[in-house]
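Each structure below is given as structure tokens.
There are two complexes below, and they share subunit A, which is joined by subunit B in the first and by subunit C in the second.
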Partner chain A sequence: MTVATASSENPALRWLRMAARQLGLPLLGIFTALVVGAVVILISGFNPLVAYPSLLKGAFGSASRVNNTLAATTPYIFTTLAVIFAFQAGLFNIGAEGQLKIGALVSAVVGINLGGVPPLAAVPIALVAGCLGGAVWGAIPGALKAFAGAHEVITTIMLNYIASFITGFLVGADGPLRGKNMQTTAPISKSSHVPTIFDYDSAASAGSTNTPLHWGFIVAIIVAVILYWILWKTPLGFEIRTVGLNPSAARYAGINVARITIIAMAVSGLLAGMSGAFEVMGNPNYNYQYSDSLGANYGFNSIAIALLAKNNPIAAIPAALLFAALQSGASQMQFDTVGANGTQLPGDLIAMIQALVIIFVAADQILRWLYRMRNKQSAQVVLSRGWGKTE
Partner chain B sequence: MRKLSYAGLLTVLSMLAALLLTACGDNTATTAPVVTTAAAVATTAPAAAATTAATATTAAAATTAATATTAAATATTAAATTAAGTSAAAATTAAATATTTAAGTTAAASIGKKLKVGLVTDTGRVDDKSFNQSAWEGVQQYGQAAGVGVKYIETKDQKDYAANIKQFLDEKYDVIVTVGFLMADATVAAAKANPNILFVGVDQGQDPANILPNLVGLTFEEDKAGFAIGALAAGMTQSGKIGAVVGTKSVPAVVRYAEGYKAGAAWLVANHKDLVKPGSVNVTLTYHPDSGSPFNDPTWGAQQTQSLIQAGNDIIFGGGGATGNGAVEAGASAGIYVIGVDVDQYFTLPKAAPKLLSSATKDIKNGVFQSLVQASNGQLQGGNAIGPTGLAPFHDTDSAIPAALKTVLTQLQAGLKDGTIKTGVTAS
Partner chain C sequence: MAQALVDREEKIDSTRSVRQYLRHTRWPLVALALLVLIFIWRSFGENSQPLIDLVSIITLTLSFATPITLGALSGTFSERSGVVNIGIEGMMLTGAFFGAMVGALTGNVWLGLIIAPFSGIGVALIHAVLSIYFRVDQIISGTVINIFAFGLTAYLYSLVFTSSRRNTDSGKLPSIEFKIGLAPFQIGLVSILAIVLIFVAHYIIFYTTWGLRTRAVGENPRAADTAGVNVFKMRYINVLISGFLAGLGGTYFSLQVVGYFKEGMTNGSGFIALAAMIFGKWTPLGAWGAALLFGFCQGLDSALQSWYGQIAWLHTITQALPYVVTIVVLTGFVGRSRPPAAVGVPYVKQ
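Now for the complex of A and B:
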């Protein structure tokens, strides 16, 4: 009896300690990045003691700010999940950007034509259409890798350009899908708007000047949990992770590597497409229409967020929140932080702090050295594997 | 030893980042204004003040020039017509032009209520050497004149327009200036929701059917500036072929510049055939295909310029942010005459300066400043305001331009201003 209790102490306590160990390094990384950032702010002639509190205030200072930050987190969660899912299969999906655009455009085109359909049907139809658009666009590099051995890094980058040129043409000056304004489609039907959870500003004033939080946020959290379950609790997830760790061994064990590669890329594209679809259908700042500026750099930033989350779908949520908070607090920081002769803190500093967070979390040897931590061999994170066919 | 090198590396890296940042932060407000202020004085100066304006240009002291503009602006109403119309000599030597200043007509020298003014940039830095910077300089000028602090927020992503406007609303600012055509929707939404706050939308034409009392769309008659440089190019071409490499067709201001350029060339051929050496002029307009970043594609601009040169064009007008800059620089380095856009690019593109005939300018700075002065005095009216446009001085190419052509250009601009000459361009 005593042996049993000794080895398995209070499960809640054990979980907590495990979580602390898991969280320790990323938190230290964030802390270190902020300290280095403070030095840079100081050298630039600004006061970090003004800058950081106002960054926090800008991101979480009021209910409306929290709302805004969570709304900005939503698309990041989806695209980060997209990157993570591909990473788990050993595929480096740099194409989330293009998949997001295709998904957004498809959902907009479908949404425009759903005028007479009740919301309960219209929202899922437009959403699924967007997901499928992204999935198809993601499956292309998957198939190219599986059957032709073309490396997904090259093909997804190229498909980003193709997606951008296609959408650019379709909504361009003489494009067939162009709406009233340049580089946008017509607005989607009211019935396909994703409802908001809460919107402080429209309650306070006649019109909204803030981003209301839509149900996509809740869906994002649910999807993260589902992905975790798929990856670690189902045979498919086991196959995906096995292919990710060692495709040769996976093939030897009887796993159809080509099939897994295509599935992983398609699901990754689906998630990116969902991100785009929700932005079109739920984010009023895009005026409920496809806009060609939509999601600029979400796909690329999400690679960094996935790294920060150590490829864990659940950890993607706080990691995405951190990135979104840094961005949504930036304008308050720029507003409050005034140096000599009236200059204001450059907003680019936020990008630098984000980059520092990534550097310290990714290259954790620096942290271990800085804080004199023991060098522990942790599980390796597989990001991508080499060239060649996978059959 | 290993530890030491790590520490060194880290320090060096952070120092580098800091240096980079300081370098970026410093030129935000200090260096550039001098140039444009001087140019602004020259453009708005009436005949009587022409000589003082000239000295101001050479002296180019930032602070005095700023006040000089204020003074000049008040006199514009009375004297501008005579300045542009009669004293052709003064205008040609300075190559300065005063075109429409509807925004400036009612401006008073004194500033009434001191207003808190905030500016939201389009996606870009406040020191972009282009429209964001010009608008911010206008706000700064107001800040200095009124003795109030002014602030800006730089937009990183188009979806943040509303949030950045809201930042100023939360801080109870009186006037919010938003820059760029793309921010029009967000500005209209914010103005509707906040009827007690004044908004100035640069490059945002307002729908005459839906005028908001608290929102002024500051637009510019780019077609007039384009018309003038078109005539200039037609008078300077040897081959009879001139070209334009411009940003996307879906931004009305770009179309107005380019179509005005074409119309201006045709006007010179029709009315002053003796000034057109080849007898006829063929104009080629090349619009960016509108994918990727139409205003940030200098490589494309340079390539299009090279193919236009191969096709025999010997003057290129480059219009549209970095894309146009690429075209202008490529043309100048190939040895042909080029024409810039928006600001006097003699100062912003030094590499192209020796071959730069002129620039089709719009004085965003002055337009913003005038609107803010009006707002101070409670005179700002919702709707559309027309800011001043014109031709930049000829600088290095001055001696190459025939005197007869200069005279015609001066008359042309007077005609454009009083409406006797129409560009016929109706892009909006």
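Now for the complex of A and C:
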């Protein structure tokens, strides 16, 4: 019966209804989070009707601000795709931060030594090097999980710390890769710079702190589409999603679960590494060199964005945009929203609102309960399967 | 079903004493050997002061092990009842913040010590409701808790302290100091509390009805339910106990060590604590042993620096050591461990 009605329906209409159902809960979650955020702002003694519009203004108020927001979105899209790809295989990769750092450092080291190479070759070489760096760092927890059963949630977090100790040493006071300043390498060669698509500020006025938008943004969108295609239109994607939904069934069906686990984590690390490589090669704010401040908090933030995107690679783009917009609008909000005694609304409110968005979107059961919606059980990836090797 | 559960418990009880005996005689011996080695090592060279160095490394170990011990105890209670708690880090951070905030606002550090565990309970309640009532995947719920706690503490810190330029000094909890020979020894109040709580937790988990029920709920909730145990109640209360202990653990960072709050000051201890819990095979005494090992790694880092000055590569290795050890522990090279059977699985009453 249900099959018959579904197929007799107009496909365009069905697609719309599906999109609405997919979009409905996340949008409702964002709305609820903003409402709770408004209550928090009120309790803190500020006016949400001042705070929210100026947050919006800070993120999208002018061409230069849109430019900034999009530039901040780029690295988030990559790291979010990294989290999503692993998640589809039932792996919770919290290690995007470490993978990004290693990828960025490797691409910087390679980029420094590409002086004589023409840009058409230098850019791909440095980029691929960064991707490989991230892939190797991501494959480690994959292998640990596949061969020793060590839970990736803990190992990736541990590897984040280990990565930051290693990079901290390499670019530290006496580090072998240290450039002119501490915590950075030498600048990469001019030929490995990723060109800028659009730079509002260089058109308007020189010497501002604006971030030009580089080609990484376009690449990020293309990669999102490719990942969607891999996950839903290829045998590899089918195997990955099967492992994610039920590893024992996958094993029974003849899928090499260990192989898929390592591949998924390596690709995940590759995407995070790409994020780091593009920041080094395309973001002038880091002066075209590796900086140890790269990637801070990207691990948990991209998890948040991935949960918001419901682990859909295409949805990762608007979700990353939302997070980047919240962050780039924060300082304007802080500046504009002044309380009775002259104090400003702390920009850290954004971190709270982000957390609330994730609570409501990740745990959509709360929303269904809040808005008295029917509870629907859908196939869910189960992450909590014990911590370590169990025989 | 109930009879099977009782049989199982009896089997565990009879084998436990033997295993514990083995475990607790092996590790103290290893530790003793290690300390003797350090003593001999530090005896060479001019101006050697082996006793002072030895006592300083014991002091450092006990200090660094404190938050990991409390975090691991926190995880033990939660996971024994069948709820994975990856939010320990966030609960600790919340405890660290509320302890420091109350201490700074009232000028009474003791009030901070009392409030902190209850702030941990508050965050744990969110985790409990999400994972027990709403049956959200417990790993996701815990991760959300961590993100939320980071945002909450950062926001409240700016709101209360930064914008008003209030005094952030919460005062510090006292510690006991005395000299062993010429060597100064020091142990903080939170560290002492942690050691006392290990034995309290051991008693509760293995020698009380409450503990038996907690373990039953974590191993086979259906059987426990059939035997008349309220699975939901047990899980809720154990997760709240977990929050209490993690919140207390947070006070180590703010109230014990520095006397103020700093954003993200727990620095991954909650995750190391989880590894300590696994290493300790979900027992309080085992967790303590593991926490001491991690504490020793961190203590060695500080000690080596004060002995040889800052050597960058050596510092990097000793810094990374606890994190590497955590990974090695998880791979099962250091003894297999069996988690509670029902951990991570939401319970649905039929």
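In the analysis below, the second predicted complex is superposed on the first by the 368 of 391 C-alpha atoms of A that agree within 3 Å, B and C clash if a C-alpha of one lies under 4 Å from a C-alpha of the other, contacts with A are read in each partner's own complex, and residues count from 1 in each chain.
Definition applied: a contact is a pair of C-beta atoms (placed from the backbone, for glycine too) under 8 Å apart; a residue touches a chain by one contact, two chains touch by 3 or more.
Everything quoted here is computed from the prediction, not taken from an experiment.
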| item | value |
| --- | --- |
| Touched partner set for A:V66, first subunit B, second subunit C, both or neither | neither |
| Which of subunit B and subunit C A:L245 touches, first, second, both or neither | neither |
| Touched partner set for A:A38, first subunit B, second subunit C, both or neither | neither |
| First, second, both or neither for A:I197, with subunit B first and subunit C second | neither |
| Contacts of A:A363 with subunit B and subunit C, given as first, second, both or neither | second |
| Contacts of A:F165 with subunit B and subunit C, given as first, second, both or neither | both |
| Partner chain in contact with A:A304 - subunit B first, subunit C second, else both or neither | second |
| First (subunit B), second (subunit C), both or neither touched by A:N283 | first |
| Partner chain in contact with A:L349 - subunit B first, subunit C second, else both or neither | both |
| Footprint overlap on subunit A, comparing subunit B with subunit C | 40, 44, 165, 168-169, 172-175, 343-344, 346-349, 352, 366, 369 |
| Residues of subunit A touching subunit C in the complex | 40, 44, 92, 94, 144, 148-151, 153-155, 157-159, 161-162, 165-166, 168-169, 172-175, 300, 303-304, 307, 343-344, 346-356, 358-359, 362-363, 365-366, 369, 380-391 |
| Subunit B-touching residues of subunit A, taken from the complex the two chains share | 36, 39-40, 43-45, 58, 68, 164-165, 167-169, 172-175, 178, 181-183, 201, 205-211, 279, 283, 285-287, 291, 293-294, 296-297, 327-328, 330-332, 334-335, 338-339, 341-349, 352, 366, 369 |
| Subunit A-facing residues of subunit B, complex | 3, 6, 10, 14-15, 17-19, 21-22, 24-26, 28-30, 123, 125, 149-154, 156-169, 171, 182, 185-186, 189-190, 192-194, 248-251, 287, 289-292 |
| Residue ranges of subunit C touching subunit A (in the complex, touch as defined) | 84, 86, 126, 130, 134-141, 143-144, 146-148, 150-152, 154-155, 157-159, 162-164, 268, 271, 274-275, 278, 312-313, 315-316, 319-320, 323-324, 326-327, 329-333, 336-339, 343-345 |
